[in-house]
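Can you keep this structure in mind? I'll have questions shortly.
Just so it is clear, A, B, C and D label the chains in written order, and each chain counts residues from 1 on its own.
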Amino acid sequence: MSLRPSVDAMRLVVPTLALTALLAAVFWLQPRAMSYMGLNLLFNLAVPIALATLAQMFILAVNNLDLSIGAFVSFAACVSATFLQSTPLIGVLILLAAIAAYAAIGAVIHLRNLPSIVVTLGMSFVWTGLAVLLLPAPGGSPPDWARSLMTTKPPLVPMAIVASVIIALIAHLIVTRSSLGVLIRGVGGNERSVERAGWSVLWAKTAAYALAGTFAVAAGIALVGLTTSADANIALRYTLLSIAGVILGGGEFVGGRVSPVGAVIGALTLTLAASFLSFMRISPDWQIGAQGAILIIVLALRLFLNRLERQEGRA
Amino acid sequence: DTSDKSIALSNNYAGNSWRQAMLTSWETVTGPAVENGIVAAADAFTTAENQVTEQAAQIQNLILQGYDAIVINAASPTGLNGAVREACDAGIVVVSFDGVVTEPCAWRIAVDFHQMGSDQIAYLAERLPDGGNLLEIRGLAGVFVDDEISAGIHAGVEEHPQFEIAGSVHGDWAQDVSQRAVAGILPSLPEIVGVVTQGGDGYGAAQAFAATDREMPIIVMGNRHDELTWWKEQKDANGYETMSVSIAPGVSTLAFWVAQQVLDGAEVPKDLTVPFLRIDQDNLEENLANTQEGGVANVEYTLEDAQDVIAEAQ
Amino acid sequence: MTHAAKLLQKPWIWAYLAAILVWILTVSVTGGSSAIGLTHAAFTFASFAVIVGTGQMLVITLGPGNIDLSVPATMTLAGTVALKVMAVDNTMILPGLLIAIGIGIAVGSANYALIKLLRIPPIIATLCMSFLVQSTAIWTNRGLRVKPPPALAEFATSSPLGIPNVALVALLITLGAWVLLERSLYGRWITAIGQSMAAARMAGIPVDGARALTYVICAVLASVAGYLLASFSGGAALNMGAEYLLMSIAVVVIGGTSVAGGYSNVPGIWGASLFMFLVVSMLNTYGLGAGFRMIMTGVIIIAVILLASRRQTSSP
Amino acid sequence: MTPDTAPPLIEVEQARLRFGAVKALDGATLHIRPGECVGLVGHNGAGKSTIVNVINGALTPDEGTLRAEGAPVERYGIKAAHALGVRCVFQELSLCPNLTVIENTRIVHRELGSGRGLGWRSTARRIIERSLDEIFPGHGIDSRATVGSLSIAQRQMAEIAMAFSDAGAPPRLVILDEPTSSLDATLAGQLLAQVRRFVDAGGSVIFISHILHEILSTSDRVVVMKDGNVVAERPAGGFTADSLFEAMGSVAKPENAAQARRDLSSAPVLLEQRGRGLPFRAHRGELVGLTGLSGHGQTEMLLELYRQRSGDWLPLRDPAVAFVAGDRRVNGIFHLWSILENFAVASLGDLTRRGLVNDSAVADKGDGWKRRIEIRTQDMNNPILSLSGGNQQKVLFARALATRAPVVLMDDPMRGVDVGTKREVYQILREEAAGERTFVWYSTETEEVCLCDRVYVFREGEIVAELVGEEINEANILAASFQGEAA
């Protein structure tokens, strides 16, 4: 058998190409972006999106779908901008409890065989409600460490890029290198086979939800570090962005086929696509529609990639 | 001389008639300004969704595009401070209006939303010295304008204890939502003498009242064309009296001129205020005539108006 | 089995019981004097949720993963365009309605085209579509509120028979949906598809045709709801349908339709829609804040799903 | 052979296990000693998979005892079995298709991760590659490839290699449940050699297969199961292929197979299909059989025939084909519906008036077919799941036969159907065929294939042989299925 790039690498080809092409187009439209500051401005808001995307990826890895990520990140952001800043201990406890709640939801969904879409839809109301109770109007301020972390200026490469690489690396280690990651993806691929090897599927799913909760909390903190304040609706968009990011990065809705590096690339691509649209000066009327169109185009690309992959598999 | 300077408008929402009027005013005023060489460019940008994160990204993009000034209607008073700081650091003039930002390096053209709330009660107190029960229609939960106006209303009620807020609903600044929420709570409410609102929901409330056999209370309107039309009809039919108050969408043009003045080197204080656009019984017809069908009552500003506002603040 | 016990077996009964409970709790605040007004309002406003919910129910019946997220945008577009076309002219009422229906047909077909041709999961496909539709709505008249023709507005807001006209329209639509689901060939088809698409195909059911038709019906009902709502509330607004995204899903689920597909429930939609309206009214009446209201809504949805799952596991 | 003094590794005594109404195990007893290969044979549904699932801890019998190394075990389960050294290659492939071979190895070997942190990868790779090289020299499998990208045979090889590999807890009993069904002769030979090597080194193997000569040549002892019970048990030398066949309870020549085969080559051709192999044809009124080893393209061919002749967008006014599913849980029954609804769904087009379903016509038709094929139920409005599997299958037959379609495609529809029912269905098929209806029948059972007028044998997705009339017999089918290998 010939040496051929691993499927993981194959999966990254289209997302990487899309990102490179977009970046080239942005540089062409706006040469100023080709600088330390330019790259940072282009990508720093992608960091929380990347974290939220990874959170969604863990849920998709076990064949579930989470419609509450955005609401949960908003909630985490509100906690970070209030308790975590003023009384760190209580803040940490609240965030830990929230992660535990996330894990518990995963367990309940598995035990009662509930549709994850509806349960997380319900939870999205709950998280938003809690966030509104916490911050009826926008406000709060980030913990100092979060603010300085998000605004450090490392030499040579801007923080946004450094952070993205580090996040991708950590997620890669968890998902493709660690035993837990293998187990979680195994549950997505063939639950029965994992069960037959003596693992607890319940535990694997709970762990996946807990990891998702953890990454979503990190997204909330990073977001507050960037925006300097929070509100109850601050990240509602992340639900959609995160799903799109995972799919864009070569992940699939079922079958445990996910790629953390791809997911981060997907998040960067989405952010860049928005900038691209604004550099294109599309008429404000069509700016929303253009987002939908870009999503459709990229998903069509994915279909094309799958066809290619299948053909190669047959050859 | 600002003929080589370019100004951008960063807008976070375009989903209602007020914002659409604001964008139209921007076009009407900046178009000739660009043509006459006063500024090099004045482009408007709207985010796809009403989210702080999107607007922050948009501002960062505007920084990259090298605008000399950015005029912002902000999604959050504090959420954009990070991005605004970056713009200031890049030497860009930032002017915020309507939704203002708290970042000290930016200019603010503020509307006192708090006062907008308390003025409503003051008006009602004048009209109804005996007081009575009020219904409050709020906006979207978790947004600062909602919180501010509501705080003003409650402060007003404290000042005029003859009033009591008998019920409070969230209408999300949407006609249909207000109508539904009011219709739902109305049967359980005692007699209502006045309805205090936040703009865009007065007509919905009127419809909800009309559907019952209650007496029409004094509903404070929000300058929308349909509200004014309804008021006019009522006025002609039975002499209905009320007031209408809102911020004029054309304030975006004031912000434009302020940015131009700052770029021109003028000394401009960081905090400016604009009055709201208030319509009363006597100037209703005039305002109605000047309001676009289906739009919002509006005032557009000229350079001279802007200079007056600046001079006043100094 | 006694009659009462048999009734408790019906999946839609919970929605009605909950609605009645909430109604009593709300009415008792005024010692009963608000009963008629509240009931009238509930039937009026539940109607819109019923109409969009009926369409969403048909889609959800198609099986797991089938949800139409383009409902709000379709409502907005149909409302804006129809009102613009009618231009406050009574003679244009029917053409306006036809245009709204046409928009529904177009959006529904486009939805299924994305699902079928690009193999995009329905949830994402309809979401992308909703962006495009929303943009079209903005583009058509930039958010100006055009008034409905007076006769139409009068029709939408009055209740000559003691029952609001919109409720009568919704009732007719649900009756139609009930006949369609319980008695017609098409109803058998989509229920079969929802249980097993593979088995449906092997039983000779035209699966693609039935699914496409379902997405079209859903979009058409959303359009009709948009048309009615715009007429009822005095004009179309760009954010008009926003509420109905989650509402349409919630009333279906609470009404006893199985999210796993293949089992739908028309009467439940009425119960659930009344309940959703009444619960907000109750929380408003008791002066509860927005945060608490949202938490309650979420908890209720999850509670109903849990109840439904017990129902499934306990029956053979 | 092993000394009889060593205690058996595993003893299952008098195990009973029911799935609802089905007695999957009915007092079965099985002992496995170290250093022996036990061949396990029996008809479909005899309980072979069930008893090995008891041994590997996946199922707990309702009654009966289990002893490991002579001592009774209390809390036996998957983990305990694994610790004991029990490994299993399942009948249906059971790796995670999205994971690489290395990662699947990690899943199978729970002990791999402990204490090694992220370092388990290289260990897993070493282990699986060594095992693969040892069992299947020249296998050509890249252990970093995802399992989904491997061919069926390669997946099977990987799974076998995993079972024989040692990641700290050495394998002592390897269960192979029909492992050769997707391996070609060379690979099967390599596997059987490995089995002998493993057994000679003191390990134990349970070997399940429907290919009797493999069983006879590889096992030390052969155990025959029938209806959840062990009915015969002898050293391999004590059986010949024929005596083994008899012990399984198979009727060598069912009386109905003797029926006159008809030559219908002059009747009009209703179906025609060209693929890579021989062309496929079906004449009016013909019973055409599809056979060969399972999973060699028969089902795909049926699906293709069906797809081409059914409407996905609009209903056909006159249905061209009807389909009887074999896997009734996947593409047969509608589990939420009543018997009547399940029966009527395919012929509803004929039972509607002005678009509305005519309930009384449906009920009448249902009653007619209930009597005709004797569906054992009080009321056709009972839920479909209240029927036993065999009766569910009858409903599916009735569904297809009640349509006006001139051709009925059947995808191994007799799976899990008892003998009595089968006879009834055969009778109906013959009547319908005489009435000029055409049947295309995929079956894994030779007895059924022998009922057909003409038979196509499949291998690797194509038709490799066509048998007519007297040529249709087990020997010819096997010969064609293996193409020279079995001859």
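Just so it is clear, a contact is a pair of C-beta atoms (placed from the backbone, for glycine too) under 8 Å apart; a residue touches a chain by one contact, two chains touch by 3 or more.
The structure displayed is predicted, hence computed values, not measured ones.
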- Note on the structure: Of A-D and B-C, the pair joined by more C-beta contact pairs is B-C
- Note on the structure: Rounded to the nearest Å, the gap separating the Cα centres of chain B and chain D is 72
- Distance between the centres, which are taken as Cα means, of chain D and chain C, whole angstrom: 46
- Query: Roughly how many whole angstrom separate the Cα centroids of chain B and chain C?
  - Reply: 33
- Query: What residues in chain D touch two or more of the other chains?
  - Reply: none
- Task: Find every residue in chain C that makes contact with two or more other chains and list them.
- Result: 131, 138, 142, 289-291, 294
- Give the residues of chain B that touch two or more other chains, as numbers and ranges in rising order. 14, 23, 48, 141-142
- Query: In graph terms, nodes being chains and edges touches, is this line, ring, star, complete or other?
  - Reply: other
- Just spell out which pairs of chains touch, all of them. A-B, A-C, A-D, B-C, C-D
- Note on the structure: As the complex stands, chain A meets chain C at residues 65, 112-115, 117-119, 121-133, 136, 232, 240, 243-244, 247, 253, 284-293, 295-296, 299-300, 303
- Query: For chain C, which residues count as touching chain A in their complex?
  - Reply: 64-65, 67, 114, 118-121, 123-124, 127-132, 134-136, 138-139, 142, 246, 249-250, 253, 259-260, 289-302, 305-306, 309
- In the complex, chain D touches chain A at residues 56-58, 77-79, 82, 88, 90, 94-100, 103-104, 106-108, 110, 112-113, 118, 120-121, 140-142, 144-146, 148-149
- Task: Going by the contact rule at the top, pick out the chain B residues touching chain A in the complex.
- Result: 11, 14, 23, 43-49, 51-54, 56-58, 60-66, 76-83, 86, 90, 140-144, 146-148
- Message: Which residues of chain C touch chain B once you look at their complex with the stated criterion?
- Response: 26-27, 29-30, 34-38, 40-42, 44-45, 131, 138, 141-147, 157, 229, 232-235, 237-240, 242-243, 277-278, 280-281, 284-285, 287, 289-291, 294
